[in-house]
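In the two assemblies presented below, subunit A is common to both, partnered first by subunit B and then by subunit C.
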Partner chain A sequence: MSEKKHLFFALPYYLWLALFVIAPLVLIFYQSFLNLHGQFTVQNYLDFAQSSVYLKMTFNSVWYAFLITGLTLIIAYPVAYIIAQFKSRDFWLALVILPTWINLLLKTYAFIGILGEKGSINTFLRFIGLGSHQLLFTDASFILVAAYIELPFMILPIYNAIVAIKPSLINASLDLGASRFQTFRRVIWPLTKNGVAAGIQAVFIPSLSLFMITRLIGGNRVITLGTAIEEHFLTTQNWGMGSTIGVVLVVAMLIVMLLTDDSKKGGRAK
Partner chain B sequence: MAILKFEGVKKQFGDNVILKDINFEIEEGKFYTILGPSGSGKTTILRLIAGFDYPNGGSIYFAGKQINQLPANQRQVNTVFQDYALFPNLNVFENIAFGLRLKRMKKKEIQLRVQEALALVHLAGYAHRELDELSGGQKQRVAIARAIVNRPKVLLLDEALSALDHKLRKEMQSELRQLQRQLGITFIFVTHDQEEALAMSDQIMIINEGLIEQSGSPVDIYDEPLNHFVADFIGESNIIPATMVRDFAVAINGKEFICVDAGITPGEQVEVVLRPEDLDITTVEKGKLTATVDSQLFRGVDYQIMVHDTDGHEWKINSIHKTTVGKQIGITFDPEDIHVMRKNETQAEFDARLESYQGVEA
Partner chain C sequence: MKKLVAALVTLGLVIAGLLVWNHQLMAKQSAGATGSKTLVIYNWGDYIDPNLIKKFEKQTGYKVDYETFDSNEAMLTKIQQGGTRYDLVVPSEYTVQRMQKEHLLRKLDHRQLPNLKYLAPRFLNQSFDPGNQYSVPYFWGTLGIVYNDKLVAHPLKHWEQLWDPQYRNQVMVYDSARDMMAIALITQGHSVNTTNYGELQAAERKLQGLSQNTRAVVADEMKMYLKQDEAAIGIAYSGDAAEMMDVNPHLHYVVPTEGSNIWFDNFVIPKSAKNLKGAYAFMNFMLEPKNAAQNADYVGYATPNQAARKYLPKAVTHNQAFYPDAQTMKHLEVYRDLPKKVNQEYNDLFLEFKMFVK
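Let's look at the complex of A and B:
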């Protein structure tokens, strides 16, 4: 009896998968083999591989995604660790999650207000006599804003991994003679590695295809594959090339997932 | 010399006083049990010894040195945790080697010591198992091996056997006892199971609401409980109000009985303890007390018989002979089966009183 029921309840889910995950992927894959005149070709891939512009963009995308991920990780781990120690940790966690409820565009504009020529930072700098500086449209501001937006997605999985560690494990480590640092290195870090991997996936993959922030905060100085896709679909209308870049991104994401997924190996010491 | 000593130790969390005034001495090479009801502060005592918490008052001495604030990783004490607390990212070998690796011991030596520890807990050949390939009892043994491999002076065990089923538990009790004798390490074992405490320990400390009610050998505590709480907590007992008549005589229900206690003011209101297994059922004529049988429960080895006497006191009798519910019976017992308890007598007062008249008796 349960077989049929099972299928019945799972149907919406499969339908959803088919319509909104499988179909778009198939379409992108199919489109990537069409040229501007709708003819079947592999020219898009050849163009991509031979053009230094695209290769540079690919490199840029990976490099900036790497920097953004690195920065969020450096900030997120200690934050997650400290929040996990608090008595009122649910409250602090809520504060971390809250910004994700605010529209991305809104947050981005808020940063323009903060970093802009007439923004609060420059006003302050002028006030203390340091004069105004170009903060917006720099690599640094781009990375900073991107990291800010991605931060909760790094903190959450790490936090979850940390609170899942039984306090008695920490005590056991101290009991066996480990210092606080040794306890971190030998117990806490290995047990939170999966959380870190999940966080890296959650941040690195979207960071590869950022486009709005590159434009609004990075001032189009940073051109990534995300920007290129947007250009091809909305400006040059070269859907084939746009899809090709999309496929490249999908492949890049798969590689990241494979690299960060060590759940099967279990991460165990020999 | 005592390896471990508590002197007026206090511990509170906020306004909540957990340990009021704990005093004891632990000698090297013995098996101690801390026994008490849930929430009485047993784990808290172990945490203070291990260094996971620090006392709010009093002193803890280890081998003569005060260690009140000494960090846990610098104490020569190891703990077997109630939930095992094995490191899930490491296999059996690495769990046991954890402490040795921190000491930067040579690989060969580590290998040797881990194998030795595994053999001691009867797990030779399990070194390369992952934790999820072990049963609860085996995990328990790994936890013990992980602690003893460091050769601590004192081993702390917090309800170490409570997660095991009855049979395995019995097995582990005698194995632990054997292991302790073999290693000569001091064991401090925490439990709320009085049967377990009686079976395993050299010394038992009974703790209640942050105070030690009584400490002594299992036999002492069973035969001469200091007060109502201990008598009730350890074993089954009948605790009946009585009046001291004179030395070696006590009145129950207005009837005088010969007993072995003395040094108590005549006329003092006391309580007497009679163990159910010391009571015998006989005919009304031969009985010292007359009672009516209320219920009878077969328990495999014996019957537990509940009766009430002519004064309305309930008695519990364990007997291998059957009786009949509703029947009038007689209860008999010997003078040495009666143990008299004074109200609010401390252990020191009790010991002093015992000494004062046992000299006379002998």
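Let's look at the complex of A and C:
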């Protein structure tokens, strides 16, 4: 294909990138240097770096995103592996994907019904004589719901990576005297690393800026940077500070991308 | 590949079909109501009896185009951006003040509002709009305490009781900087409109003392939680309280006598309005005592319409919780629009409290 033709077909893609990826990023970056009165300043960044509230919030965001990602990974890898072994794996995969068709808020509200004082779990606990417990507004419930919502995005890339492994490789490994564990460690794991990295990116990055679930399930006992951004844009209308936090999040995401990319070095020709 | 193309083409056809359909619907609508006969109203969600809109359309021949918002800030941003043509909007009082400062509002012509006479004088001429030059009160309400008589030993009467150690982990805090800071300020005897940073800091320290009792910091979903006995106590607006009490008879609402916030939602005509005649007609229609009573009955908030009260059940108009006595009314304070910097301080301090809750 000639260079010109190539450009012609790529044009919509570049336009898309420029309009919906680059331009918003530039605007956020620009806004982050404006104060309440629209003057140019770096004060927002200084405020952020000097405020114990924001620093603690940043730490919270990263910590909870880490926990959510860790939990989904622990669940997703075996699930993906088992589904890949099934004969009717398409059906099982569809079951995994199905919940993503339902609106996120609806799923969150459903959990309120499950975890509440009068929810199904507490009704059951009372029934077996254990009495009701507060489940909502705890760290555990927050992480559970967030992990549930993110789970499909971890399972899918790992599943794809596992399915792509040729069975002959595993057979060869076993035939040549490797134990099952060695086969996993030396053959399956390295070949699925890419999938795991993609899954971590797909889960960690959105988890950094969760905000509705922090309020609905976490009762704002879990405060992340997403909460602060929402407040700055909607309540105080301090778009500058909101954008500054946005930039911090973008940087945090870039770091995650770089870190997870590093682990792929062996797997893919650059 | 073939399959993919087929899928894409189908999708494209469906979208095109929907667009055509939508276009035809719109055309039909605007044909039914040519230009000046359409009235565009922008109001809070679920904040009017839909039957009244139908009645108005029948009576006057106007076609009402009704849109809703869920926060003053969201509404304000939309109008500031321009390109809207709302004839009537219903902001809260501090937003009326802000919109007037930003020259977004049209002055009202009182000669075209004969039904203004039905409103109780004490709800007119408020500090946010002296002489009601720009706004007409639609509903008013208060901020107060909702408690569940199954879960608390004694009825609550005062803000200070929220701090009582016996309600550990039982208070649902409302996720709004202005309201929560106001409560702390009132307990310390300060104005809810203070701009004194020292007083604000003291209020924030006071709020931190509430963190032991705080079960969660939530917004609208509090209604659902309190209906389901999820917590004993909540901080809520009167209208939300009325809605909760309808469902759960164990809930009660009190306005603390030492003071609280009183708020107003008001009709205003933005500069971008096209159908002024229709806007005045609608305001007059809604001010008609019978209509105002019907609306108040549906929405559950208190009406500023004095003449409408006789059409409302006595149980409602004599209910201290929703129509507080003069003594309590004296201590209620309206929020004033704060300078952006102070508003930021309120919110930063409240954010600090939220971080502290854990």
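Basically, the second predicted complex is superposed on the first by the 255 of 270 C-alpha atoms of A that agree within 3 Å, B and C clash if a C-alpha of one lies under 4 Å from a C-alpha of the other, contacts with A are read in each partner's own complex, and residues count from 1 in each chain.
Operating definition for what follows: a contact is a pair of C-beta atoms (placed from the backbone, for glycine too) under 8 Å apart; a residue touches a chain by one contact, two chains touch by 3 or more.
None of the values given here were measured: they were computed from a predicted structure.
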- Given the superposition on subunit A, are subunit B and subunit C in a clash or a fit? fit
- Message: If we overlay the two complexes on their shared chain A, which of subunit B and subunit C does A:215 touch? Say first, second, both or neither.
- Response: second
- Superposed model, angle subtended at subunit A by subunit C and subunit B (C-alpha, nearest 10 degrees): 150
- Message: After the superposition on A, what does A:228 contact: first (subunit B), second (subunit C), both or neither?
- Response: second
- Could you tell me if A:12 is touching subunit B, subunit C, both of them or neither one (first, second, both, neither)? neither
- Query: Of the two partner chains, subunit B (first) and subunit C (second), which one does A:169 touch, if any: first, second, both, or neither?
  - Reply: first
- Message: Going by the contact rule stated at the top, is it subunit B or subunit C that touches a larger number of residues on subunit A?
- Response: C
- Message: Quick check for you: in the superposed arrangement, does A:131 touch first (subunit B), second (subunit C), both or neither?
- Response: neither
- Message: Nearest approach of subunit B to subunit C by C-alpha atoms in the superposition, in Å, rounded to an integer.
- Response: 28
- Message: Help me check something: in the complex, which residues belonging to subunit B touch subunit A?
- Response: 50-52, 71-74, 77-79, 81-83, 85-91, 94, 98-99, 102-103, 130, 146, 150
- Item | Residues on subunit A engaged by subunit B in the complex (per definition of touch) | 166, 168-169, 171-179, 182, 186-187, 190-191, 266-269
- Query: Across the complex, what residues on subunit A touch subunit C?
  - Reply: 36-37, 53, 56-57, 112, 116-118, 134, 136-137, 215-216, 218-223, 227-228, 231, 234-238
- Message: Give the list of subunit C residues in touch with subunit A in this complex.
- Response: 71, 73-74, 77, 169, 175, 177, 215-219, 221, 224-225, 228-230, 340-341, 343-344, 347-348, 351-352, 354-355, 357-358
